[in-house]
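This is the structure I have questions about; it appears just below.
For clarity, chains are labelled A, B, C, D and E in written order, and residue numbers in each chain start from 1.
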Amino acid sequence: MNTTPYSVTRSSQAARIAAILGAVTLVVLIAAPWWAGRADMRLMGELFLYLSLATLWNLMAGYAGLVSVGQQAYVGFGGYMLFALTMFGGLHPLAAIALAGILGALISIPVAVLIFRLRGAYFAIGTWVIAEVFRLGFAQVSALGGGSGSSLPVAIVKSLASKRAMRESLSYWLALGAAVLVISAVYLFLRSRKGLALTAIRDNEMAASSLGIDIWRTKFIVYVVTSAFTAMIGALIFLQKLRISPDAAFSVNDWTAFVIFIVVIGGIGTIEGPIIGTLVFFLLRETLADLGTTYLIVLGVVAIVVMLKAPKGIWGLIRSRFELQIFPLGYRVTKRN
Amino acid sequence: MPETILIMNGLNAHYGDFQALYGVDMHIDAGEILAIIGANGAGKTTLMRSITGLLKNGANQILHAGADIGGLRADEIATRGIAMVPEGRQLFPSLSVKENLMIGAQVGRKGPWDLQAVYKLFPILEERKDQQSTSLSGGQQQMVAIGRALMSNPDLILFDEISLGLAPVIIKDIYRALPGIIGEGMSAIIVEQDIAQALKVSSRVYCLQEGRVSLEGASDTVSREEISRAYFGIE
Amino acid sequence: ATPTLKVGHVSPRTGPLAGFAEADDFVLKGIEAAMSAGLENNGKNWNIEIISKDSQSNPNRAAEVAADLILGEEVDIIVAASTPDTVNPVSDQAEINEVPCITTDCPWQPYFFGRNGVPGEGFASTYHFFWGLEDVIGAFLDMWGQSGAAKKVGGLFPNDADGNAWGDKELGLPKPLAAAGYDLIDPGRYQPLSDDFSNYIAAFKDAGCEIVTGNMIPPDFATFWAQAAQQGFNPKVVTIGKALLFPSVIESLGDRGDGLTSEVWWSPNHPFASSLTGASAKDLAMGYTSESGRPWTQPIGFKHALFEVVADVVKRAEDLEDPEAIVAAIAGTNLDTIVGPVNWANGPINNVTKTPLVAGQWQKAGDAFELQVVANANAPEIPVTADLKLLG
Amino acid sequence: MDWLNAIVQGTLLGGLYALFAAGLSLIFGVMRLVNIAHGDLIVLGAYLGLTVTTATGLHPLMALAIVVPAMALIGYVLQRGLLNQTLGDDLLPPLLVTFGLSVIIQNALLEGYTADPQKLSAGGLETASFAVGGLTLGVLPAVTFAIAIAVIWGLQWVFYHTALGRAFRAVSDNQDIAQLMGLNKRHIFGLAMALALAVTAVAGILLGIRTSFDPSIGGGRLIFGFEAVIIGGLGNLWGTLAGGVILGVAQTIGAKIDPGWQILAGHIAFLIILAVRPNGLFPRISA
Amino acid sequence: MTPLLKLTNLQKAFGAVTVADNQSYEVMPGDALGVLGPNGAGKTSMFNLITGTLKPNGGSIHFDGKDITNWSAARRSHSGIARSFQVPQPFSGMTVFENAMIAATQSAGLHGHAAETLCLDVLDQTGLMSKANVLAGSLTLLERKRLELTRALCTTPKLLLLDEIAGGLTEAECQSLIKTIKDIHAGGVTIIWIEHVVHALLSVVDRLIVVDFGKLIAEGPPKDIMESPQVKEIYLGIEADA
């Protein structure tokens, strides 16, 4: 029985407007094959995959407090599974992507058991070492090209769809679908009871456990689910790249450092942050990448400047100025009138 | 007439957009014990953080021994002889008890307080001197915090909620020791919730209410009614 | 109006392989000057626009920029050079997008088998010219034969595309070495950027090796070479691929660089000239040295030759609007370039043709090191410039 | 004998890893700063050594007299000008800022020194060797190991037996309160970074003598440094040395089994140790 | 009737410091037990042992008839044990209301509207409603202590462990706190309360235990305990407070 003159809301006007705008944008994006050029579609596809990686990493680091610098382990694992399952298992690429996710979840279980014994910076370094073990391990598998790497046979790519245009649309839709799926899954999860528990763990583990939260299990679930999705994204990435090698598959720069850059620049611990971060990252890359060393130096400077001037990221800056929340997660107590 | 050691002139303090102190005027004379009382959130801790430089404040809002210490960093203020026993103890967990005490001496001021003097005041600390400071009980930690502040031989020492979480016997000991702790010429500002206790040890008292001074007076003359009015405002 | 033909170019301008592309700007400037008046095709003049992108020595990035050139810039021909890390991802993107592609500066086995090429089938749109492991082996055996060193060879092969190809039991060094009566001591594939080679050194010492060979990156070789001396291992001949290509590496080794041997794919003394500019190998190399103040490097010739082939293809293609016609023109190439003849009809395998290879030794002349050709049995047209000296 | 050789060589290699790690261990212990740029700073040290030796013709070990103070100064300025602003409870700001720094240093070195591999020439020291009990050992690795011991002994002494060390630990525990004790945290952190980069300079020069380097080579070495720190346990520099030696020996023994296992074996040793002792072997500070 | 909580020969030491020395006692449902003892006696440690934040070296803990000695802290919370921390442990990045929601959803297992209603009720009761939308990290020490109480209540506990929540209160505030705790107790919640503010404690509890050096040195009705010379000496100081 509620005797107080207060009530609780979880939405806002801005969020409702944003939802409508989001739906319109989604329809426009789905229709991209009819209005965008091939290069644009490929670029957007890549952007969606990075967005998915960033959203997943943000779930782990921004909400579960699991700062991993080893997610490239699952990107590479997923990529290698795509190659192995299609080349040796004869699977259709789409089936291989799904199975890569399941295998990613399975392999992440023993890894989690091991690295969950570590905290904070130790955890971060531990995940990195695990990813290195994956890299060096796959470098020993000569069937997959060992340290030399391997190319995806053209026939397998063509089995996705025989027409080039169809294939390109399909890759694009897969990437878009992945991003939409990942973002909605994370959003719904965070609004759920388990999501609330996750945020509590991030803030204070001792208090969380004494309030009935099974810390290990909650983190474990997040880790395994994130790894599964990451492996699927990895498979999608290497379906586009067509070629895999240990250094490329398990690149800490490409699959983790840039992802951390995206999330932190955008605003960690918010769903909006990775979206903004991804846009900024691609904007920088597309305009400056031809400058070579200068581009990389600019990237480094941006990372430093944003961190110093806006430690909550760009979205944090926007939010503090306008009190905006597009994906409302919190609760607000208001007085009933 | 005793010399005035600290003067606050229209002191303001902010946490981001939130203003916690509004034009606070206070002074404390050398050798005096000043009590500051006030409800929770009145701004007592904020006042102490401003004096010690942990919160920034403007020029000429705080004068120590005649000099403006408004814009100085906390470590510079400490060197000038202002020490604090913070709310909630806040010891250095990776230092032993003895090292916690010794770090207090690092400002390099001369005076009567050294390790031996502190051990004499709190003998249990000598027993525990090589233990990690966090493994002490709350009360023992409070003793270390007091000892640590004394080690810097300050001329002004600030106690924020010194009896919070202490057993009555310890509180009694500490208050009994207070005149000895303060000694010749050292002044103290005490923030205390136990009003009776605060009035008993101090010569003057200020009451804060929502960031403003709502009462000032000699401790032995203020009345209960005045205090409770100053606490909660006039309804 | 003059139509424009777009050529995309990918190379590792930055990152650990940047040495291979250090002369890119110089070479491209020369090529652009030579093509400034346009090229004639079927009586029509075409502008040539070269768009160059950096792979950052990273295969992921190489695939991205290749896709970008193909889909975004819609280049008509794509070219790439310098190690499998750049060549293979670019070729793969070209193959799937059916864009004509020419590559070089990567032994053909890692190019062909590294891309899962099937002998007899090959690829549809992608072509490669360089030498192969059989040439390296031939040149090395030729040189070692002159040395009189014991026929015990220590092998140092990393677990990367080149190392695996060189050390491969079937296609690499082991079989031909055995056939020529050499004992190859091969402890296995090490991971690049290892900090310790004592186990190799111990194994080579135990076996009494007097020759060391392999394919390494410069820091690994430097580590090995210092440790070898510290641990009392002094071979008579050290012949290493890749690591010993660049004069800067040899200089960094100081006196210990004197007498090291390597394969030579191109040098100012090669008796070839550019089909595009008429410049001789010497002209090209000296041009770079005088412009940059840096010593010449072997990739300069191949980078230049890559665009010679492009120019030749552009002139001959039946229809420059049609990728298939361009591919047909590539396949029909028969051109004498600054690195030797390029003719895919003579290839050892589909889509691959080979240029001549000799063996050379870094010899100290005054203050600087010179790469002297010391063995040329497989390419006698390239003159020997000095005799092989033994180490130690 | 081969096994003994592998173990001895691995131990000496561990000295180098411990030097890579000592600076990291110090700043991680004092500031909880995970410095991604540490590997690149080692390389920077090597390049400074190169510049000094080519400009003056000094022996690289003599060049330390110039490079060590130079790196210390860089460390102090870097800390006060940049890194101090990133410190707090959160792991990420320093992680991202040092990542940015790493990219900047790498590419600036590439612009300044090109991608050419470089080496510091130490003359006879590079190849000198001596024999003990049937083993031939390099003088350089032995000197490196001895320097590692000296450096670590020095750091450990500073950390646990001096007022500066006490100040390091106090500031690392609670910055606000340490300031109340008259400690200027910005200055103290600056000193910690200066000390760390002084050690880094030594590591960089010894690396530059041992093998050739180019601007991109730092990142690969970084992970070994972190592993050594963690194996040893936070706040215990002798532990860091032990961690380095464990890594080195695991690598040489792994390589003895199969050269492909060399680096992998080091990582696996690290994981096994952490599985058993999540705070490392000899922690003095809780992580 | 089975005791709600039963400690049997509970043992815990940190090196040479013994914080629980063979402790055995029982708490019946509906009891209100006070805990006194000098600083460092092991009172907070006893709470840590009961809630599972610390693992004992020996002995057992039974709750509601079940042996919970090896249960995780989370499981104990689900079964109805709640506590406040002496040093407050808020989820500083969440609002006060969300802090309460954690307790209501995770420990009490409530969903949606039911959880929200419970939290609003408790916030009202503990006087934190005006701070409901404020980040917990920006609360003052005393507000944090109230938040501790709020969260503990939102777990709908059977057993409530309170660790020094009356310290630092003004007289008026103290009276209102006492009233709140009495109400909670009257609502059927069993309470164990560690407190140095003795008069507050005495106005609520019906039994006292005294701990020193980890040992139970006295147990009984408050009146007897406060009169005992031993307690006067080690806890209150020789001359008892007037």
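Just so we're on the same page, a residue touches a chain if its C-beta (ideal position, glycine included) is under 8 Å from a C-beta of that chain, and two chains touch if they have at least 3 such contacts.
Chain labels with UniProt names: A = Amino acid/amide ABC transporter membrane protein 2 (HAAT family); B = Amino acid/amide ABC transporter ATP-binding protein 2 (HAAT family); D = Amino acid/amide ABC transporter membrane protein 1 (HAAT family); E = Amino acid/amide ABC transporter ATP-binding protein 1 (HAAT family).
Owing to the predicted nature of the structure, the values given are computational and were not obtained by experimental measurement.
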Chain D to chain E, fewest steps along touching chains: 2
A-C against B-D, pair bridged by the larger set of C-beta contacts: A-C
Centroid-based (C-alpha) most distant chain relative to chain A: B
Intercentroid distance (Cα basis), chain D paired with chain A, Å: 32
Euclidean distance of C-alpha centroids - chain C vs chain E, Å: 75
Gap in Å, rounded to a whole number, between the CA centres of chain E and chain A: 42
Cα-centroid distance, chain B relative to chain E, in whole angstrom: 30
Multi-partner residues of chain A (at least 2 other chains): 136, 139-140, 293, 296
Multi-chain contact sites of chain B, meaning residues that touch two or more partners: none
Touching two or more other chains - residues of chain D: 107, 110, 260, 263-264
Chain pairs in mutual contact under the definition given at the outset: A-C, A-D, A-E, B-D, B-E, C-D
Partner chain E, residues of chain A touching it in the complex: 1-4, 6, 8, 193, 196-197, 199-200, 202-204, 206-215, 269, 330-333
Parts of chain E lying in touch with chain B, wherever the complex brings them together: 14, 17, 37-41, 44, 86-87, 138, 140-143, 164, 167-171, 173, 196, 198, 234-237, 241
Touch list for chain B against partner chain D, complex: 52-54, 73-76, 78-79, 83-84, 86, 90-95, 99-100, 102-104, 106-108, 148, 152
Of chain A, residues touching chain C in the complex: 37-40, 42-43, 46, 136, 139-140, 145-154, 157, 164, 240-243, 245, 247-248, 251, 253-254, 289-290, 292-293, 296
Interfacial residue positions of chain E with respect to chain A in the complex: 51-53, 72-75, 77-78, 82-83, 85, 89-95, 97-98, 101-103, 105-109, 111, 116-117, 120-121, 123-124, 129, 132-133, 151, 155
